[in-house]
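The data blocks that follow each hold one structure.
In what follows, subunit A forms one complex with subunit B and a second complex with subunit C.
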Partner chain A sequence: MLAFKLALRNLFGAGLRTWLTVIVLSFSYVIIIFQQGMLDGWNKQARRDMMHWELGGGQYWHTAYDPYDFFTIEDGRGPLAPELQSRVDQGQATDVLISQASIYPDGRLMSVLLKGIDPNQTILDMPTAPLVENITEIPALIGRRMAEAAKLRKGDVVTVRWRDANGTFDATEIKIVEVMKTNVGSIDMGQLWLPKSRLESMLGVENMTTYLVLKRGSNATDTVNGWVYRDHAYLMKELTEMIKMKSVGGSIMFLVLLALAWLAIFDTQVLSIFRRRKEIGTMIALGMTRQRVVRIFTLEGAMHGILAAAVAALYGAPLFIWMARSGWAMPEMTDDMGMAIAERIYPSYSLGLIAMTTAIVMLSVIVVSFIPARNITTFNPTDAIKGKTS
Partner chain B sequence: MDNNHLITTENLTKRFPMGQTELTALNNINLTIRKGEFIGLVGPSGSGKTTLLNILGTLDSPTEGSAVVLGNNTAELSHKNSAKLRNLQIGFIFQTFNLLPVYTVYENVEFPLLLQKLGKSQRHDMVVDALKWVGLADRAKSKPAQLSGGQCQRVAIARAIVKKPALVLADEPTANLDAKNSHHILKTMETLNKELGTTFIFATHDEKVIGYLKRQITLDDGQIANDQVLKG
Partner chain C sequence: MRARLFIICFLLAMPIAILAQNGNEILKRVDENMGAESRIHESTMIIHGRRGTRTVTSRSWIIGIDKSFTEFLSPARERGTKMLKLEDELWTYSPSTDRTIRIAGHMLRQSVMGSDLSYEDAMEDPHLPNIYTAEKDGEETILERNCWILKLTATKNDVAYHSRRLWVDKTRYLVLKEERFAKSGKLLKTAEVKAVKRMDNRWVATHMVFRDMLKKGKGTEFKLNKVTFNANIPAHRFSKAALR
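Let's look at the complex of A and B:
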């Protein structure tokens, strides 16, 4: 109590100096919480969207399927294992067949992936229902990004050219029956979704599958009969890594501000211990142990952290609450990174994040305050009382 | 040991390193001080008065010989125990007052009691008493910067005596005060000495102080040149 009062009086007595330090330190609190909260919000939204639109409850991949190798795409397919086929039959999963092709919008050549899916599937949120349309052209569903890149609109017809199972080139017309708006770029860019049966007959194959999407909440762990189970951790590896990288990048500003505050606090401590050596000598003469004086001065420095937390809460809390409610509009350009990113991100501030930040700031500030204060143990009280340095 | 012996020193010697050589600030001091004494340490500048007070106040320790203060051999006291001894038994008054600037008069006087972990109402009574002793009860809420030098020194006296210590050590308490304030302070201390039996030891140059002393010890070049009882 005594130390607390002394610390507060001295800090407020120092006026502007204290407030500058406190404000810089409060920025570091707010920036890191804002930053990490945004990332966390994005992460949650991206994971949710990816699960709903693309990944379901995990996937089984054909052993030879490698989404990064376009040349082997045709090898990475085969008939589903019976265990998996029965999941499809029970409506617990839906399977996708992938093939390569070219389209010619406006006479330009564009390499695309054709993805066959059951139009009646309910596993993913993708609006596949319009694919049932019974028309002579092959109905296709594309995403907004693809529509933009290929300058295609709903109702447009475009020529597609592909190689069938025998390696023979063939061509036909495709009609865009729906342009879907999705946050998930990886089911959008460079691809056309067709009814799986139509794609199979184009390729001259039957009951072929590249990968199987499980219903959300299904449990599966084992690899089945030549089909490799890919869980969420695997399927969202890229997202996780990207978030991690961004999180590290975002911490730099936090560290810079924190370091500035450390310098200011260290400096304040050195100066105030030097200026108040007479006071320190007097405290020792009046019966305070040197350790206790060290603690008092450490507390005084560390109070910057407490004040900063209070100031940060003062302007940060309303800001955060408002942001969490109304979200943060993302600029257009961030959209094309291939990651699932919504137009508006709702930051998510976890208690853990706030506790962690506070712990990091407080602990580091205590250390920075303690280092200069530690010297008090070497003070010679008889010199200090007179205001001399020893 | 006589129970009335508050302080005994035996061949107390203090040397300070001075470059290659040493400076002898106190040389073979043998002193016995009893409870209730009112003693002045006089002598020319540099004769060792402050050094002796610092050792008796356990802020410094002898190079040779010993000082036994309130039953404790100062050389053997740990930092912690000497702090405790000072907090409970020894009051300090400094030439430059040494009040804590951010504290009020009340809080400055309360400070030693806070270290003793006394209850709030007990502290309050003791602080008010001490402020009454020095005639500053009405300035309890002032900050030291709002007080005159004489008033500051009176606060310092209140701070030294609030815990009713056995011993008060005062290093030139009147050096920064005018005649009127000096007498006021000396009278206060004289009364405390009489009524509470507190032992006072001053280091002083001040002629005005001499008249109040019961015993005067003259130091010269670190040695006792004269030790005389002035009044009973």
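Let's look at the complex of A and C:
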């Protein structure tokens, strides 16, 4: 208790120097919590959106299908295995067929992917219902990004050219029956969603599937003959890696602030020990062990961290609450990154995040406070009383 | 006397023989006329794009329908770019990146140097009689030459264009105009000959205009500057090592 009282008295006694250190340290708290909160918020929103719009409860891919290898697009399709077909029949999954094509909006050539899906599916949140429209042209659903890139609007008719299963060119008109607004760019850019049955007849194939999307909450882990199961961890690998990368990148700012605070605390400690060497000598001469004196000085330094946490809570808490409610508007350019990014990101602050941040900052402050204080163990009390430190 | 009679009979029979030729026979003659063991040519491609006109010159080495190697000579930006086609595979080399890329998938649908010709078109050079059946579909005069119009319909499923229309010079068996159609009957591409010349003892189209009919624009002009038929081309010309 004595050590705590002494530490507190000395801390406030330092005046402006203490408050400057505390404010810089409090910025570290706020920035790390804000940044991690933003990333956690983005992560949660992106995962939720991707599951609702694209991934469902996991997917089964044709073994030859690899979305990153265009050589596999035409070969990576086949009839569903009976156990997977029964999932589709029971409404527990929906299957997607992919083919490559070119469209000519306003006489410009654009390479696209044609994706066939059951218009009556309920597995994904995609508004596929308008695809049932019975029109001469082939009905197509596109995303907002695709609509902007191709300068297409709902009701527009555009020529599409493709090769059928035998490699023969064919061309016809498609009509944009709906432009969907989605945060998930990977189901939007360069893609046209058509009724699967129409796409199959365009390609001259029957009951062919490239991948199968399971209903959310499905518990599938087994690989079916000819079909490989892809779980969320696999399907969201890119998102996970990007968030990890962003997290590392964002830590630089936090580290700079923390380093400034460490330097201030370190300097304060060195100066304090130098100025108070007679006091240290007296305390040791009166019977206080050197380790106890070190503890007092370390605690004094560590008190900066506690005080900074209190200051951070004072202005950070209202800021975090406001941010969590109103969200952070993302710039338009992030929309085209291919990742699922909402227009506004709502930060998510967990108790674990706050506890972990506090623990990291406190631990680092204790270490920085201890390093100069440990020199006290080498003090000779008589020399210290005389003002000598070695 | 017998010899004279034979010549008179032959001369009288010749136009009848020409008239009697059916579409498939004409197509066979066209294919024979166009085909060569190998050829080396220098050409100019004038690309009329949305933002202006670009001129690209190139030199090509071709053996049959399976092997071809093209080196772009100008403009400076494209100089040194090379394209190698071996059967159904295509590679390009760009000196600016010093990289060889295999053109596949959606990239095959991209145009070559912004022209109306896609890499796919560059890959398509089949022996027409092997995959189409031809029938006469009228006559027309093009470039002051009497032409048959041939309607070609694919006899196989794995053919790029389901049908074509060819305008064939009646005496030179040279295609002066071509239209390529999708399975739905939609016109996809056209090629029109603007000039012909006798080169290396055969009639050759020296100026053509290609158009992707689904795209806007004036199309791409192709001018043949120099050609050598049945040239001796070393095998190493068609290796990936030759790209660099």
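Keep this in mind: the second predicted complex is superposed on the first by the 390 of 390 C-alpha atoms of A that agree within 3 Å, B and C clash if a C-alpha of one lies under 4 Å from a C-alpha of the other, contacts with A are read in each partner's own complex, and residues count from 1 in each chain.
Methods note: a contact is a pair of C-beta atoms (placed from the backbone, for glycine too) under 8 Å apart; a residue touches a chain by one contact, two chains touch by 3 or more.
Predicted model only: the values in this text are computed from it and were never measured.
Superimposing the complexes on subunit A yields a three-chain arrangement in which subunit B and subunit C fit side by side.
Looking at the shared chain after the overlay, A:159 reaches subunit C, while subunit B stays out of its contact range.
Touch criterion not met for A:267: it reaches neither subunit B nor subunit C. In the superposition on chain A, A:279 makes contact with subunit B only, not with subunit C.
Of the two partner chains placed by superposition, only subunit B is touched by A:6; subunit C is not. Contact with subunit B, but none with subunit C, is seen for A:385 once the two complexes are overlaid on the shared chain.
Shared-chain residue A:288: touches subunit B; no touch with subunit C. Here subunit B and subunit C sit at a least CA-CA distance of 71 Å once the structures share a frame through chain A. Subunit B meets subunit A in the complex at residues 50, 54, 57, 59-60, 79-80, 83-88, 92, 94, 96, 98, 100-103, 107, 111-112, 114-115, 159.
Residues of subunit A touching subunit B in their complex: 1-2, 5-6, 9-10, 13, 278-279, 281-290, 381-382, 385-387. By the touch criterion stated above, subunit A contacts subunit C in their complex at residues 70-71, 73, 100, 102, 104, 106-109, 111, 159, 161, 163-164, 166-172.
Note for the complex: subunit C touches subunit A at residues 104-107, 109-111, 154, 157-162, 180, 182-184, 186, 188, 212, 214-217.
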